[in-house]
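After this come two complexes, each holding chain A, first together with chain B and then together with chain C.
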Partner chain A sequence: MITVLRVFLFGLFAIFIGLLFMGIGRKVIARIQLRYGPPFYQAFIDVGKLFSRKSITHNFVMDLGMVMSLGGLLATMLFVPIAGHVAIKTSTNLIVIMYLMAIGYLGMAMAVAASGNPNATIGVSRALTMMLGYEVPFFTVMLGLIIFNGTSSLELISNAQAGSILNWNMIKFPLAFIAAEIALQAMMGEKPFDAMIAPAEIASGPMVELSGKYLGLAFLTHAVAIFVETAIIVNLFMGGASNVFTFVLKQFEIYLITVFIEAVFPRFKIEQAVKFLWTVPMGIAVIQLILILV
Partner chain B sequence: MELPPAMTSRWDVERFGIGPMATPRQADVLLVTGYVSLKTLKRIIRTYEQMPEPKWVLAFGSCTVNGGIYWDSYNTITNLAEYIPVDITVSGCMPRPEAVMDALQTLMKMIQSGEAGAYKKYKENYEYYKANQDRVLKKTVPILGQTPEMDLEGKNEDAKE
Partner chain C sequence: MIELLFIPLIATLFLAIFIKNKKVTWPLFLAVNGYVLYKLYSIYGMWSLSNKFDIGYEILGAKLTLGVSNNPIGWYFAFFSALITFIISIFSLGFNQKSKENVSVIWMLIIFSNLGIFFAQDWVIFFMMWEVMGWTSFFAITNARDKALDGAKYYLALSLIGASLMLIAISLLGAYTGTFAITPSIFGLIQVINSSNKIGIVILLLFLTTFLIKSAAFPFYMWPQKVYAEGPEDYITFMSSVMIKYGIYPMAIFIVPVVGSIDLPKILNTGNILQYVIGYIGAISAVLGTLLAIFQTDMKKLFAYSSVSNMGYILLGFASMTIVGFEGSLFHVVNHMILKAAIFLTLAAVVFRTGESEMHKLGGLVYRMPLTFMTFLLGIIAAAGIPPLNGFGSKWMIIQALMSRKMVVFAIAMIFASTGAFMYLFRALASIFLGQLPDRYKDVKEVPLTMALPMLIMMVLMLLVGVVPGVVMKPLTSALKAVGYNVEVASLTVLEGSLKNATIDLKIVFYMFVAGVIISAIMYLFGNKSETVPQNDNYTGGEYPEEWGVDADRFNYSYAFYQPFKEMFDPLLEAISIDDFFASVGRNFEYMSNEVQALFKRGEGAVLLFSIGVLLLILGGLII
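== the complex of A and B ==
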């Protein structure tokens, strides 16, 4: 009973923080573009509105895919330690996390393929190609850290950086941090790696057929994705945190970097994006890996 | 023409929580900006019918209200409200971006007070709207050669097409 309650609490917390980050991110982008921007709670209003609307479904697979994509990310989130708290304790959670994170995208792919819209299919094929692009450098970075720490437990890696700020992997392995930061940009689907969404080109890609509740679920999925991805970076490079508040603050710093890059960059074409991800961050990650091994 | 400045930095309609959407599936409000030719009308009806309920229509500029300077043109319609239900109109030629924002906020107030529900009218009086649509869309049939039946009826095909 307590475990179920914990799982629920972790899920709600991730959704709440993710939506809050999304709202603040929109505000920050607006200020960079010299606009007032929406209020910071706009994301909550949007989700509330979307869930109250009538929605159009095409078939059962579409419903299943949307729920699967949210469920996959929520399952990932249960393995991520947040300031020492973790819903499900395992000793090798980093591998589980990377494995489960793909389920979110696969669920989305299933849902939009079932909707049968050509724009959506193009969008999701781009998203999966992009996944191929960013996972290679990100896994290389993680491999370096796993070899250095001799463990694939996210908790132990973050505990190993305790003490002063100089113990952080961010300071110790700056090259790995830069490579992971670029991969994170692609992971979140922010500019310059947002070829899968591209509203002007393929009419918001995977989301093109999603109306009402389905779009609301996609919003929640994105919110949880933001939470999980920033939490992994905070644990890997910024030494976790002693309490939840500090942890969320560190997550916010990471998210803010992403938003700043998003606000000023145009969009890569998909082949340019994969080429870039496989050369620049991959090269940096390999150099770091060699430095760790030597 | 008034919408890009309304959406971007100068007037910034996003501060009221209003933003452009790329597909009719995600949209709440359909803005019909400027004169409506018969070919455009066919697409407007199709877009409108693809939107999920609740949905609202904002007719923008004099042309959608009474034809504007195109009032005697052979291939534009003069009153949009005869073909799809319009919730709110913005008159002027052309209205300023402030007028768009004011109209959208008025529409928000109307929705809250329950005044704006023209999409229900469309379902109740579908025969009336359909008859009007068919009457004018007949004119879009080319003189030489037949068009497929689907175009003649101006029917809303499924998005799967």
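== the complex of A and C ==
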């Protein structure tokens, strides 16, 4: 019973923090662009509104896919240690986390492709291409840290950095951190890596046929994705945290960097993005990997 | 033991007699497969079973024996092959109702050679069965279809090259180690190599090449796509899931023990040269298979290249030369059997109902074939290696092994391949089943019961092995223990990695996934109602097609699905086309044979032939 409660609390917590970040992110971008911007709780209002509206669906795959996408990401979230706490006792294996995350994206892709709108399918094809672009450098970074620590448990890697700030992997392996940051930008689908959304080009790609609660679920999925991805970076590079508040603060720092880059950059074409990801961050990651190995 | 081999052989005869009568052949085929499965199940653990004929004849200084024995790893391969074959043969009952040809006779002969390969006690039996399997598949692929002939010829040519290389290797092995029996020859070969005799390495490489040909690894990766595209779909299912593993089995029992225990120069203290050779072949197969799969438009070709990529993973596991990697590879053999069979069954169902295998001509079939869609969906989730389905556990073990040996290049290649797998798998899903249903397929129906049942079984199997890997890992680890590997028998749901604190409980992963989906479903139910609209009620940029005087038309994005990505890789793929290489070899052969023919025309050929014959006789006398 306690476990069930914990699982629910962790899930709701991730959704809450993710939505909060999204709202603050919009405000920050607005201020950078000299606008006033919506209030920081706007994301909650949006989700509430979307869930209360009527919506359309094309077939059962859309319903199944949307539920699978949020479900997959929430399942991933339950494997990520948050300030040393995990929803359930596991070995917090990094490879499991990376693969579980994919089921969320697969569900989303399936749902939007089932809508029968070609714009959505184009968006998905770009998103998957982008995925191959960022996964490779990001995994190279992880590989370096895994070999250095001799374990693939996220919790152990995070614990190994305890003590002073000088123990943080961010300080010890700055190159890896830079590469991971660039890959993270693509992972979150923020500019300059947002070719899959591209509103002016393919009518927001995957989101084109989503309405009402389907769009609401997509919002929540994005919120949880933000939470999971920033939490992985915090655990890998910033030594986790001793309490939840510090942990969320560190996550927010990571998210802020992403938002700053998002606010000022234009968009890569998809092949430019993949080429960039395979040259710059990949090159940096490989140099770091070689430095770790020798 | 021997009846296990004879029943399929006798069944072949009966099938040949009743070949005209489909109502007899396919049920008989199913029954014999059922018998084989039951028999294999009943001989589990009886590792001393064997039948041996001593014919008291020596060749090349080695005693010639013919024998079959129940060896643990062979049993592991044979049992799971038989399980998949049984399920496919249920499918064949329904699938072959309409077809004119009858592949069951040849197929039964292949099942016979299949068992022979897995239970061979010596290289002579092994080679005989290997040959039977090679030429019979030629007839099974063509199956009276003219357009399949090209692919089948290509396959036959490669098989023959492989078989000749193996014949040379076996003769050399016999001559240098003094035995033809498989297990003693392993120790013999290790001794030959460790006494720094170059010929040992040559023998090993000859064997390796043969096995790589059969498992469609890097330089020989072209045959699956040529063969799978044209062969009869139910047989192709068998071929892609079971037959492609024939190369893996001898690698597991022969190449891996030899390479693991010989003294060769090491690279960066991580592994010896041969290990790296196998690893690079695996890595190139995995990456190249993935890239080529991404660019296919024919669904059967796409999954043919996916098989190449999966063989790459298995080779990578072997290359790590750790027990976790080895177990992972052998586990992946079975996982790949299950998931590839599931996927190809659905493809066969799609071809059965629509007669089309070009993906861009299909679309929206989920409206008509929901069960096939669900099987395909679970199949691709498994193939992508996403928990909680099978395919994840084995990939995870292989990658753990690679990371623990610090083989970073191989680990990155593996991640590249399995992330690229999402691309082609999703493309197949979207193009075949999702999107808008073309009008010409609006009367397509779901498959009949005999074809639906195997799909249901496959779905259960994929989930079962994904959540409770012990059902495969327990027999595997017991088999490995029985042949002398230092392993512990695996528990039901826990997989052991090779790094620190690397234990995953797939049961917990499954529960967490269910928990995530439940939370998500609550959110979904929390929202307001939705209504289902017809498929062409789509966003059209705020305009109504009727106002422009046009009808709403079916439109799917599926032909050049990854065009920008393809343009990045075009120069590379053009540079490494193996087909061009083989074509140039072929041209040279043609040139050479023309020259030889010209010699005959001028009358010098007879002299030449005679002298070659004399030379061969003399050489033969010297060797014997």
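Brief remarks follow.
Basically, the second predicted complex is superposed on the first by the 293 of 294 C-alpha atoms of A that agree within 3 Å, B and C clash if a C-alpha of one lies under 4 Å from a C-alpha of the other, contacts with A are read in each partner's own complex, and residues count from 1 in each chain.
The working rule: a contact is a pair of C-beta atoms (placed from the backbone, for glycine too) under 8 Å apart; a residue touches a chain by one contact, two chains touch by 3 or more.
What you see is a predicted model; the values in this text were computed from it and never measured.
By the touch criterion defined above, A:190 lies against neither chain B nor chain C after alignment on the C-alpha atoms of chain A.
In the overlay built on the shared chain, the residue A:207 is in contact with chain B alone; chain C does not reach it.
Contact with chain B, but none with chain C, is seen for A:45 once the two complexes are overlaid on the shared chain. Of the two partner chains, chain B is the only one that A:34 touches; chain C does not reach it. When both complexes are overlaid on chain A, the residue A:181 reaches neither chain B nor chain C. By the document's definition of touching, of the two partners only chain C reaches A:7; chain B does not. Ranked by how many residues of chain A each touches, chain B and chain C are led by C.
Look at A:106: by the touch rule set out above, it reaches chain C but stays clear of chain B.
By the document's definition of touching, of the two partners only chain B reaches A:215; chain C does not. By the document's definition of touching, of the two partners only chain C reaches A:293; chain B does not.
The intersection of chain A residues touching chain B with those touching chain C, taken from the two complexes, comprises 53-56, 58, 116-117, 203, 208-209, 212. The residues of chain B lying in touch with chain A in their complex are 8-9, 12, 14-17, 21-23, 25-26, 28, 52-54, 159-160. For chain A in complex with chain C, the touching residues are 4, 7-8, 11-12, 50-61, 63, 66-79, 87-88, 90-91, 93, 95-96, 99-100, 102-103, 105-106, 109-110, 113-119, 121-122, 124-125, 128-129, 131-132, 135-136, 139-140, 143, 146-147, 149-153, 156, 203, 208-209, 212-214, 216-217, 220, 269-271, 274-275, 289, 293. By the touch criterion given at the top, residues 364, 366-367, 370, 373, 377, 381, 384-387, 392, 396, 399-400, 403, 406, 408, 411-412, 415-416, 419-420, 422-423, 426-427, 429-430, 434-436, 497, 499-505, 508-509, 511-513, 515-521, 523-524, 526-533, 535-539, 541, 555-558, 561-562, 564-565, 567-568 of chain C touch chain A in their complex.
Contact residues on chain A toward chain B in their complex (touch as defined above): 26, 30, 33-39, 42, 45-46, 49, 53-56, 58, 116-117, 199-200, 203-204, 207-212, 215.
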